[in-house]
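Questions regarding the structure given below will be posed in turn.
Should a chain be cited, it is by its letter among A, B, C and D, assigned in written order, with residues numbered from 1 in that chain.
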Amino acid sequence: MKETEVHYISKPKLKSPVFIEGLPGIGLVGKIAADHLIQKTKAKKFCELYSPYFPPQVITDKQGIVRLVKNEFYYFSDAGRDFIILTGDFQGMTPDSQYEISGKILDVIEQFRPRIIYTLGGLGTGKVVKKPRVYGATTNKDHIESHKKYGVIFNGREGGGIFGASGLLLGLGKLRGIDGVCLMGETVGHVVDAKAAKTLLETLTKILNLNIDMTDLEKLVKNTERELAKIKTMQEEQAKAMQLAMTGQTSEEDIMRYIR
Amino acid sequence: MKETEVHYISKPKLKSPVFIEGLPGIGLVGKIAADHLIQKTKAKKFCELYSPYFPPQVITDKQGIVRLVKNEFYYFSDAGRDFIILTGDFQGMTPDSQYEISGKILDVIEQFRPRIIYTLGGLGTGKVVKKPRVYGATTNKDHIESHKKYGVIFNGREGGGIFGASGLLLGLGKLRGIDGVCLMGETVGHVVDAKAAKTLLETLTKILNLNIDMTDLEKLVKNTERELAKIKTMQEEQAKAMQLAMTGQTSEEDIMRYIR
Amino acid sequence: MKETEVHYISKPKLKSPVFIEGLPGIGLVGKIAADHLIQKTKAKKFCELYSPYFPPQVITDKQGIVRLVKNEFYYFSDAGRDFIILTGDFQGMTPDSQYEISGKILDVIEQFRPRIIYTLGGLGTGKVVKKPRVYGATTNKDHIESHKKYGVIFNGREGGGIFGASGLLLGLGKLRGIDGVCLMGETVGHVVDAKAAKTLLETLTKILNLNIDMTDLEKLVKNTERELAKIKTMQEEQAKAMQLAMTGQTSEEDIMRYIR
Amino acid sequence: MKETEVHYISKPKLKSPVFIEGLPGIGLVGKIAADHLIQKTKAKKFCELYSPYFPPQVITDKQGIVRLVKNEFYYFSDAGRDFIILTGDFQGMTPDSQYEISGKILDVIEQFRPRIIYTLGGLGTGKVVKKPRVYGATTNKDHIESHKKYGVIFNGREGGGIFGASGLLLGLGKLRGIDGVCLMGETVGHVVDAKAAKTLLETLTKILNLNIDMTDLEKLVKNTERELAKIKTMQEEQAKAMQLAMTGQTSEEDIMRYIR
């Protein structure tokens, strides 16, 4: 295998579908959201994508069954509207393969004349927040107002970047005349963050007028909240210890507590 | 040379051969097993594979004769059944070349309509064991029961991985409709492990109903056992020293012994 | 996207244009000069270049609008003479992509039968100078005397190198029969240096007999001068502290001042 | 430029030439020998090789003239026999490009049906020797005896390697049916070693029955000898200091001398 390959399982007939990408990224926010959406809409897999730029390995399950790492395309319909969802194990491992793979993904969805591309991701802020917000970016300013209505915040940093598939699918999509919006759930950054994923998916489903059961995701959120609570406590203790250390008011007890 | 190249020495007529891969990997377990099998079955080389993704070098022998690094295909017949064995100096040095080279290997064997692929490797556990076990993984659950009979253990870790040719030949083989089984000899991981190789080959030859003389391999095993005995002593001393250090019962003598 | 791609916005009719390259490099000297020239000549963009060897990202602006990273070709005419200017966000990230992208750039400009190539860059000297000088290099010795008249200094170091697009466009251009001159503004090296850019652009516009308003660039120069003044003070203090330290005449006060 | 390119200056008629490679490598031993041979035989350049896998740069001379980095093919005739010499600025920078470039080099020379390939290099031993020896390796054992006569030592280390063009031209040449011999001058390894180059060239010219004036090379050898003398003194002092340190007989004076 010299190049990224696309294997079709079926060729569904779809009418200007909405394309939603949720590959692994910061906090797995986009992937968790996409996987939940696939599960709840009973979306059907119609295509697999393999690439020499994924890690050179197979993945095992508990039984000892192995399979190649891959990306997967699913579709579903709701109230006469069609949707494609992309999820997967990995993104391309080298910078240039990110371009190659995003190009192959667009080759697949372009055939269905997609209405719009949504790329889902996390925005790592380093801070633990009670209620994560959803940030947006788009290749067409017409989408800003229509998404602000749903609470999406558009205030890019001049010269900032969106890296990987969530960025390139928008940028390369635009070159092919397909508009796109990136939705990013605010996340601390170094924790699998189902909480940010839930907020992100709630926003997306409101935008798309989809009715999705969030119960299973709420269970995952519990885990995330426990993780985030731990991180928050650590951050606070650390800040306190730093302050004490610098003002000279630290005690052996404080230090021990900090170390433990 | 821009791409991996296959040079045929002959084109043998083989009937649904069993394909066995034993390229260098953890503990050289797979390669030692494959090389011993080639030697004892007097398998004939029919094909060489060269790749720009092997190290850019020639290998010298004692006389000063040099040759390119390569992978080699051998075949032999036993009781009307055909077998192909792959061995070699190296695996591809870059992740994507692993995919390219595994693809070329499959191009070679696919012509012979192989019945099944066996990939041989080591499973690094970090522990020295008296009797190494053989672990299995497969692309088709039908093979689990038939291999458990021979003591092969199938209990993959969810999301675990098999890296390199031993994984990719299974995964890419499956895409071409060829079933595969990976057999892994339990090994400490950082020692050339003829002992694990012997256990692995004993299991494989039972599965394939082949009668192979193990005498030469047993000599190699002696070396391995000496090496492993040293590692085990070191590990035990280390554990003891750690424990002593932590309970405060250490003595200067203990420390010196540990350092020596 | 597997290869560098060129997207034309229009195909202007140009007569033996002068080609001027100003991609990001040392001190951003070349890019600042090229961008200012584009702005003041109201040059028109006619072509965009995208590459999988640019970073895999989109760039955001303040509004949250994103676009792919790219290089851009502009053209303008002055007194019956035509000019092409190249600017961009990045150069190729891998050594071999530098060759590929420079080749694609030459494919674009070769169609217009360019008279000469000017590549603009910085020459990092590590020293802060009051009045930066302009150094030159060329693929054809005929250009040396005609450029010395404008104060360009030609005294290459035997075996020295000019790296990236500023070097390769000359070297690869020469292979296609197009002469080139590299102009390098003397710069400290690790600061965005509008001062060196201004000197460079003044020299280039004299050579090309172009009348360009430098007012906006002078504002940027003010910033650079402040930055360079800081660096110069630091370098002097550092030299003083080193000398004191080595002669033993240092005092606690000196050390504190140096640290602060 | 996406691939290695060959640009012919002329197409000489050559009769089964001997091909001699002297690209930069350990101690520049091979390159110094090849460059001297080119100079003294007044060999003519007939071909240049450019590659995206050379560093992305042009090289300057004292005048400020720049040129692309490259490899160069020269030819000369002596007593009715033809010779091709390859020299250059660099070898390929990535492992796989070493294969690609060696392949392109063989494409050039294969047209002339070369009799034999000689690759020239250094064998880094880490030791300073009074009279460097010449070691050999070959793809065909027939060449061992005929070269031993000239003092070439053939005693490869089992599993040792010859890296880069000096190895690959032999290995890939053999695949095309061209025999080859690698000659390696013994060298300390981290110094430009004209002395090893001279010994190497003396051996090669005896083998090829060529009469080459070595005067210029002897001047270079003087420099090398001075460099090697320094290294030898350092090595001896270091060994002495180590010994003293370990036997406890060191004095402050010894330490200071060692540091100085």
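What we mean here is this: a residue touches a chain if its C-beta (ideal position, glycine included) is under 8 Å from a C-beta of that chain, and two chains touch if they have at least 3 such contacts.
Computed from a predicted model, the values in this text were never measured in an experiment.
Interface of chain A with chain B: the two copies contact each other largely through different residue positions, with under half of all numbers used appearing on both sides. In this assembly, A is the chain whose CA centroid lies farthest from the centroid of chain D.
Between chain B and chain D the CA-based rotation angle works out to 90°, given as a multiple of 5.
One inter-chain figure worth recording: chain A and chain C are separated by 38 Å, centre to centre, where each centre is the mean of the chain's CA atoms.
Chain A and chain D have Cα centroids separated by 54 Å.
Multi-chain contact residues, meaning those touching two or more other chains, occur in chain C at positions 97. The set of touching chain pairs reads A-B, A-C, B-D, C-D, using the touch definition from the header. Looking at the complex, you find that chain B touches chain A at residues 3, 92, 95-100, 102-103, 135-141, 144, 154-164, 167-168, 170-172, 174-175, 182. Here chain C touches chain A in the complex through residues 1-2, 7, 50-53, 55-68, 93-94, 97, going by the rule given at the top.
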